[in-house]
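There are two complexes below, and they share subunit A, which is joined by subunit B in the first and by subunit C in the second.
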Partner chain A sequence: MEKKIGVYICTGCGIGDALEIDALAGVATDEYEAAVCRQNAFLCSREGVAEIKHDLENEGINTIVIAACSPRVMTDVFDFGVDKVCERVNLREQVVWSHPPNDEDTQMMAQDQLRMGITKAKEMQPAEPFMAEDLSRKILVVGGGLAGITAASEANKAGYEVVLVEKSDQLGGYLKEVHKLPPSRPPYEELQDFDLGAVTGQVTDQPAVKVYTNAQIAKISGAPCMFDVQIQQNGGVADERVGAIVLATGAIPYDAAKLEHLGFGKSADVITAAQLESMFKSGDVKRPSNGQPITGAAFILCAGSRDPKHLPYCSAACCVESLKQAKYFKQANPETPVYIFYKDLRAHGTYELLYKQLQKDGVIFVRGDVTGVEEDGSGGLVVSADDVLTGSPVMSESVDVVVLATGMVPTTALGKKFKVQEPKEGEEELAVPEDTIVVSNNLNLDYRQGPELPALKYGFPDSHFICFPYESRRTGIYPAGSVRAPMDYWRAVDDATGAALKAIQCVQMVSEGKAVHPRAGDLTYPEFFMQRCTQCKRCTEECPFGAINEDEKANPLPNPTRCRRCGVCMGACPERIISFKNYSVGMIGNAIKSIDVPDEYEEKPRILVLACENDAYPALDMSGIRRMSYNPWVRIVPVRCLGSMNLVWIADALSKGIDGILLLGCKHGDDYQCHFIKGSELANIRMSKIQETLNRLVLESERVRLEQISIADYSKLPEILDSFAAKLDEVGPNPYKGY
Partner chain B sequence: MAQGQNGERSILVVGGGMSGLSAALEAAEAGFQVYLVEREPYLGGRVSRMNKYFPKLCPPNCGLEINFRRIRNNPLIRFFTMTEVEKIVGEAGNFDITLKSSPRYVNDKCTGCGACAEAATTHIANPFNYGLDTVKAAYLPHEFAFPMRYVLAPEVIGSEEAAAIKAACPYDAIDLDMQPSTFDLKVGAVIWATGWEPYDAGKIGYYGFGKHKNVISNVMMERLAAYNGPTNGRIVRLSDNRQAGRVAFVQCAGSRDENHLAYCSGVCCLASLKQATYLLEQNPEAQATIFYIDIRALGKYEDFFTKVQADERVTLIKGKAGEITEDSTTGMVTVQVEDQSSGKILKDQFDLVVLATGMVPASATDKVPAEAACDEHGFMLGEQPTGGIIGAGCVKKPVDVATSVQDATAAALKAIQATFRR
Partner chain C sequence: MEPKYVSLEMRDYITGMGAETLNWCMQCGLCTNLCPWRLVPGEISEKFNIRHMQRLGQMGMEGFEDEQVLFACSTCSMCQTNCPRGVKIVDNVRGMRSSIVGAGMAPANLRPILGSAHAQGNPWSGPREKRTDWQQGLDVPQFDGDKEYFLFVCCHSCYDQRSTKVAKSITRLLQRAGVSFGVIGAEESCCGESMRKLGDEELFQKLAQSNIKLFNDKGVKKIITTSPHCLWTFQNEYPELGGEWEVIHYTQLLEQLLEDGKLSFPESLGKRVAFHDPCYLGRHSGIYEAPRKLLAAVPGAETLELTRCREMSLCCAGGGGRIWAEVPMGERFGELRISDAVGKGAEILTTSCPYCLNMLTDACNSMDKQEVLEINELSEILAASLA
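So, the complex of A and B:
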């Protein structure tokens, strides 16, 4: 596309009062020979926008530079369609609202920001979406328990074809052994019946749902809308092509054999909650030791849960499940003594009313740590505990069974940790910390980075579990139910319904060539200039989403529909062969080089700020909205993610004479806030390699700094920016100025 | 009002908080036209007034920023602020909706420059900060406000000040003649996601909320701790603005109590643990005491409980707080509680008492204007008599942010399915 650039400078909101607009316009017309450069006192008005549109139609302008407010606002107003390039230069929030008016340094800042904007716009191209071939819109659901059946049925009800794969010979999962469900309806005090046949019938009677039982996923290769799935069944292999996947393989009860201290394995009458449930399901409720009726029971909650030696977490469902089972006994015979030993009774929400009902029913609740489960010599069992409420040891009366409420272990936690590859002799250890991936035989992804979803903790799949709980680290694969987090039946139903929507949405967006979360709708994707690839493998190792495979010669094999468009691969690539139509190493590098660096005698240092556009950049806007001020030496470049920072930018900036570089990224570590999971962490790792560049240029290491800030840290930004400027003042000017 | 191309295949989402935003975005990104209505002048709802989320202690505006960008970039979502639903008539696949907008007195020419606020002289109670401070009568609800557009308080309409405010706007964005307006939409499904209100702590007479200055609610604590709150994030005693040192958290204030809310709100335990970290972070000398019945830190939140509990400045006492009294000379407040582990009656003095009040579903007071089924607490039932009206988030159950998002995503699919029914 032949570029014809129009630059539009808004003089409203104080911009015209604070800056010499003609001098600013001179940058566009004289330095960059923009075809059109106009000023408008109210650019976002209908008239202002009409003027731009007029130029698009009559002057042949195809690249628009808006020098006005932050790109975070007026987005819809300055939308000129996907076939045009539009770049925003933030003069309002980040220049005139945060710096003194009619000041030489404020003016220079505005002019540099405009130079960078025009330089970028000159190189940006309209997006051409990646259109996959032979698309599938089918949804694969792995796991035929409550969550899996629900996901399959809900997707089917929305008109999608579904493939459901279940390991055992029957659908239903844990539900097959379940007698009744805890209450979901008012008055929330009674247990609910359910019809297993009706549940499984939601998928078995549907022509658009293909059910494979006795089946497992042998291999999944490909990418969203192009997943090729091999399903192993009865010794044969069936092939399916699907668009997106719901992982609903559930959880298993924690191994009670490890709970000898609670009497399991010592007495046949110490059983698990799952065993008791099966008894009620079959109607054969008897003491395992002698086949006699059960005339008294004690439940031990948190059996192996909330326990650093076993499962440190809470399984969220066992308290309510035990209340439900206590109710079975009380319903059968109100006189049956029932004890519940607990740490905290976690009957959240309206389950509280079931708890209250059981208190009325005469269940004896004992808050304390169980110290022993012993046979009492007369064939019964007694549970002893240190009662927290009375401060004294307490014992149950003799009971016939002791029920251990064991927690949930997600099926993704079962297996050995995957290791991509051991470093060969002489090779350096991987700089990038490996993800925790357990070879759990659920998905068997044919991905370079490992066969299953990366885990966060305890084997549960990694995600931004607060705001975006479904977004796993493998695009198009959505975990649901107790494999995602410990949860009860009703929540699993909702969870699976939501996951079905995410799968449908993925199929929809990918088929339009759009990115999914968090850059939902982005039409650009990374393109690889393979002739210059040196097979260094950094892109394949660093992609937080496992989007890039490798051939046997270590050439990257990108999968654009797996890509989240963060640009981490672009930042990682030492050969700079990865670029987006509107974001590339060269483009940002040239923007940096367009900064006017005064010589050292002018005592005007320059600081390059690379700011994460999701958090640090809005935080800088907030400083402006609050009219906080910081030094005018900074030149701000938004980046898709700090992980897209390429080290060559640092070299470009330093050899240009820029005195310091500040990288503003999100918090990393266990409670990371990076929307691309590892971007800011990877940038931090790359920082260690900056030392080589600095040594080569004989420059001080203080010139480059990375700060982790959140979107809410805007109150700290002026201090961060000013203390960095002070540090650079100490270090002295960059000797490369003027070269 | 302009119609989407397929009225019947479009979805109305009522409530622009975490649930409503999520439902709207998830449906729109699946290819459906969505109308999102919000009563407040900005989107984001209750979470935009939170300082941090448990357990990561990360700022809500981080996720909201992503969600607002998703809205800005998605032509399938149209949203209306200061708008409420007046009437819903019809059935799944075919609803006629009447919406009513209150006047903002600021039109879409507003650039957010703030000249109106400079011209305003009247101060009104700041609704964003639960009235803990005041704001000019021409105001931006908060700096992250989306849309970034000012609001004129109705209090000044008709005054000379209003005329001065109008004159101060260079963009002709102040419209003092703006009137309430009603308009109609045709949609195929309705997601009701109006969220929750904090339980009125004033109803628990013996806690003295509203009487003792240094007894506050947990939602007020969020504002005190937030940099964009009334104290720039300093946790102070409201009686004298002195930094709070000894702070008590009274759990289940009105919850799990048949005289108030019989149910458990599920989030208040974690909220108080989180608020204890706010206090200790800004004042290393501070002490947090939490009076509780059970600490309900479900699932992986257990780790957060373990972490906070390990701080020796945090004391957990099992017992439901009784009366709270005030020393009017010092402003100190005394909490009386029976410590269930010792059986003793404890009395302890604090600078500040935070009542962990529970959630009341907004559907209990502002009812769905159609045939809709709720339980006695006001929570919407999963099965509704009018197919195609779907509850999401805290109108269905008292839940945390993550569960609201999950539930809203599920509701989006239910709504999509309902648009097929004709």
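So, the complex of A and C:
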């Protein structure tokens, strides 16, 4: 495409009062010979936009540079269609609102920002969305319990075809074992009957829902809208092509055999909550040891939960399930003594009323750690505990059964850990921490990176527990229900509804060639210039979403619909062969090189700031909005993710005489906030390799710094930017200036 | 540490003795934080924790029977009116005390009081026939079926020298307003409110039955009480035993008479007055306005509010049988009231309950503040203001 650039400078919002606009326009017209350069006091007005559109039609402008407010605002106003290139230069939030007006340094900052914008725009190409053949919008739901049924039913109600795969011969999952449900309706004090048939009927009577029972997923290959699924059923294999997947395989109770300290295995009368539920379900409620009626019961909550030796987490539903089971006893006979030993009673929301009702029913609640479950010598069991509320050890009276409320283990945590490949002898261990993937036989993904969803530390296949709970680290696959996180019935229903919506969003976006969350709607995708590939595998290893498979010769095989467009592969590639239409190593490198670096005698240092678009860049905008000021030496370049940073940019910047480089990324580690999971962590790992570059150039290591910023940290930014500037002042100017 | 044994039988025994809502408690501890005992130092304050005491009761565990713990609560209801679970904490205290006192294990210092009430119908060791001594020099009408109201004078105001002035003032006020009323006299027995709070259920039943029979035989329809304690038990505890009358505190009646123009207070007081809300008039019975309106009608009475007033009023420490407790100086709730009143510049601290009058007077004297602060009962101010 022949580039014809139009530069439009807005002088509103204080920009015109703070800058010498003619000099700024000179950058566009003289340095870059832009075909058109116009000023407008109100560029986002109808007239301002009409002026631009007039140029597009009459002047042949096809590449637009808007020098005005932050690219985060007015996105709808400055939308000139997919066939045009549009680059935004942030003069408002990051130049005039955060720096003194009519100042030489502020002016230089604005001019550099414009230079970088025009340089990028010159190289950017209009996006060509990825469109594949034979795209499916069907939704596969794996697991036919409450969450799976709900997801399938909700997707069906929204007009999507659904394939539901259930391992056992009947739908219903855990509900099949359940006697009654805890209350979900006023007055929230009585247990609820439910109709399993009505629950499963939501999917069995629907023509657009294909249910496979006694079935398992043998293999899933492909990518969103192109998943090819092999379903094993009755010795045969059925093939389905689907667009997105909801994983709703649920959880199983923690293995009580490991709870010998609570008497399990020592006495037949120490049973699990699941065993008790089956007793009530069948109506055969008896002491396991002698078949006699149960005349007293003690529940031990958090049995093997919130315990570093067992499950370190809270399973969220056991408190209420135990209240429910205590109610079974009290309903059968109000005189039955019932004890509940708990750590914290987590009966949230209206469950509080059930808890209160059980207190009124005379259940004895003991808060504290259970110290022993012993036989009392006359055939009964006594429970001792350290009662926090009286500050003394206590011992229960004799009871007939002790019920252990065991926690939930997600079905994704069952199996052996998947290992991509053992490092060969003499080969150094991969620096990038591997994903935890367990071969749990749920999805059997034909992905190079492993057959299941990567998990967080407790084995739940979550992606980002703070910001986007429905996401997994595999695009188009959304876990829901107790496989995603421990939860109760009603939350599982909500969760499954949310996951169905995510799956629908996915098939819609992908079928239009758009990215899904978090760069929802992005039409670009990474393209590989394969002639120069050295088969180093870094892109396949480092992609946080497992988007890239490889062939036998280790050539990367990208799956654009699995891609989230973070650019981590671009940052990883040593050959720089991966690029987007509007974002590439060369493009950003040239933008950096376009920064005007004064010689050292002018005492005007230059600092390159690579700012993550998700948190750091908006935080910089926010500090501008609040008129916080920071030094005028910084030149801010937004990056899709810090993980997309290619080390060559650092070398480019340093060899040009830029004094320091500040990387602003998201928090990494266990409670990471990176929108692309591992981007900021990878940037951190790559930082260690920057040392080589610095050594080669004989430069100080203090010249490059990485800071972790969350969006709420905007008030700390001036201090971060200024303390780095002060450090660089101490180190002295970059000796490469002027080369 | 040896484990303490949970006993459901004991727990059920306590709930059966009246602690019906004991199990509702979720042990949040708000009660303990709101308890006036947190405001004073000393051994009882350190030992008595209402949350903990209820916890022991819930588990039927030993430990709550310690006299300093079990009998510390003044039943002020500060905790109860704020309990997020609606636990009837005062009933729970009563039930727990009953489980001990009912078994014949009343503390030694309470035995003479309970004994006196048992034998003579009052806890003040006064002979029954001297119940009417306060009437000497007054022409107090005898109640008969023709009288509209029966005036029930609290035992305290029958026997305590200082307190008899309250009975006299109220009589004068009622007479001045032309109220049709009368007293029964020596046959009356203590209302039993405090006896029941102390856990002597049997004694309470006896006193109540005796009064109910007497009042009904005499044709009582409406009762004026001088004490908020009598008011509360007549209104809340007697009906289920067969005593159903229209019961009113004297301040409520006087307020009505004032409004109807049947009473006026021409004499000026010329003093700054603070009103102490009695727990059994305020939090227990919800009466806050009547005494304030009466006080406002007295010319020259410059009224001021204590720091803790109305629903937040601080207990005098006389309820729940605590009027008979010996508490070392420096640990009495009343002292906080005196300091507050003096600090606010009050010259009179008035109230409308004989127990409060008693406790506040003691506190004032022990602090040696009687020169700067006068303690009296509202009826005394009102009677003095009559022409």
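Quick notes on this one:
The criterion applied here is as follows: the second predicted complex is superposed on the first by the 739 of 739 C-alpha atoms of A that agree within 3 Å, B and C clash if a C-alpha of one lies under 4 Å from a C-alpha of the other, contacts with A are read in each partner's own complex, and residues count from 1 in each chain.
Just so we're on the same page, contacts are C-beta pairs under 8 Å (C-beta built on N, C-alpha and C of every residue); 3 or more make two chains touch, one makes a residue touch a chain.
As the structure is a computational prediction, the values presented were derived from the model and not from experiment.
Under the clash rule set out above, the superposition-derived model of subunit A with subunit B and subunit C contains a clash between the two partners. Shared-chain residue A:364: touches subunit C; no touch with subunit B. Contacts of A:184 after superposition on the shared chain: subunit B is touched, whereas subunit C is not. Touched residues of subunit A, counted separately for subunit B and subunit C, are more numerous for B.
By the document's definition of touching, neither partner reaches A:572: not subunit B, not subunit C. When the two complexes are overlaid on their common chain A, residue A:389 makes contact with subunit B and with subunit C alike. In the superposition on chain A, A:271 contacts neither subunit B nor subunit C. When both complexes are overlaid on chain A, the residue A:653 reaches neither subunit B nor subunit C.
Look at A:397: by the touch rule set out above, it reaches subunit C but stays clear of subunit B. In the superposed pair of complexes, A:671 makes contact with subunit B only, with no contact to subunit C. Once the two complexes are laid over each other on the shared chain, residue contacts for A:75 go to subunit B alone; subunit C is not touched. Shared contact residues on subunit A (touching subunit B in one structure, subunit C in the other): 356, 367, 389-391.
Those residues of subunit A whose C-beta lies close enough to touch subunit C in the complex are 337, 339, 355-356, 359-367, 384, 387, 389-397.
On the subunit A side of its complex with subunit B, the touching residues are 12-14, 41-42, 44-45, 69, 72-76, 154, 157-159, 184-188, 306, 312-316, 344-353, 356, 367, 388-391, 457-458, 460, 464-470, 485-487, 491, 494-495, 497-502, 504-505, 508-509, 516, 518, 520-521, 614-615, 618, 622, 625-626, 667, 671, 673, 675, 710-712, 714-715. By the touch criterion given at the top, residues 25-27, 29-31, 52-53, 55-59, 61-63, 65-67, 69-70, 72-74, 109, 111-113, 140, 143-144, 148, 170-171, 227, 232-233, 256, 262-266, 294-303, 306, 318, 340-343, 375-377, 379, 381-382, 397-399, 401-403, 405-410, 412-414, 416-417, 420 of subunit B touch subunit A in their complex. For subunit C in complex with subunit A, the residues that touch the partner chain are 1-8, 11-12, 15, 23-27, 51-52, 55-56, 58-59, 61, 63, 85.
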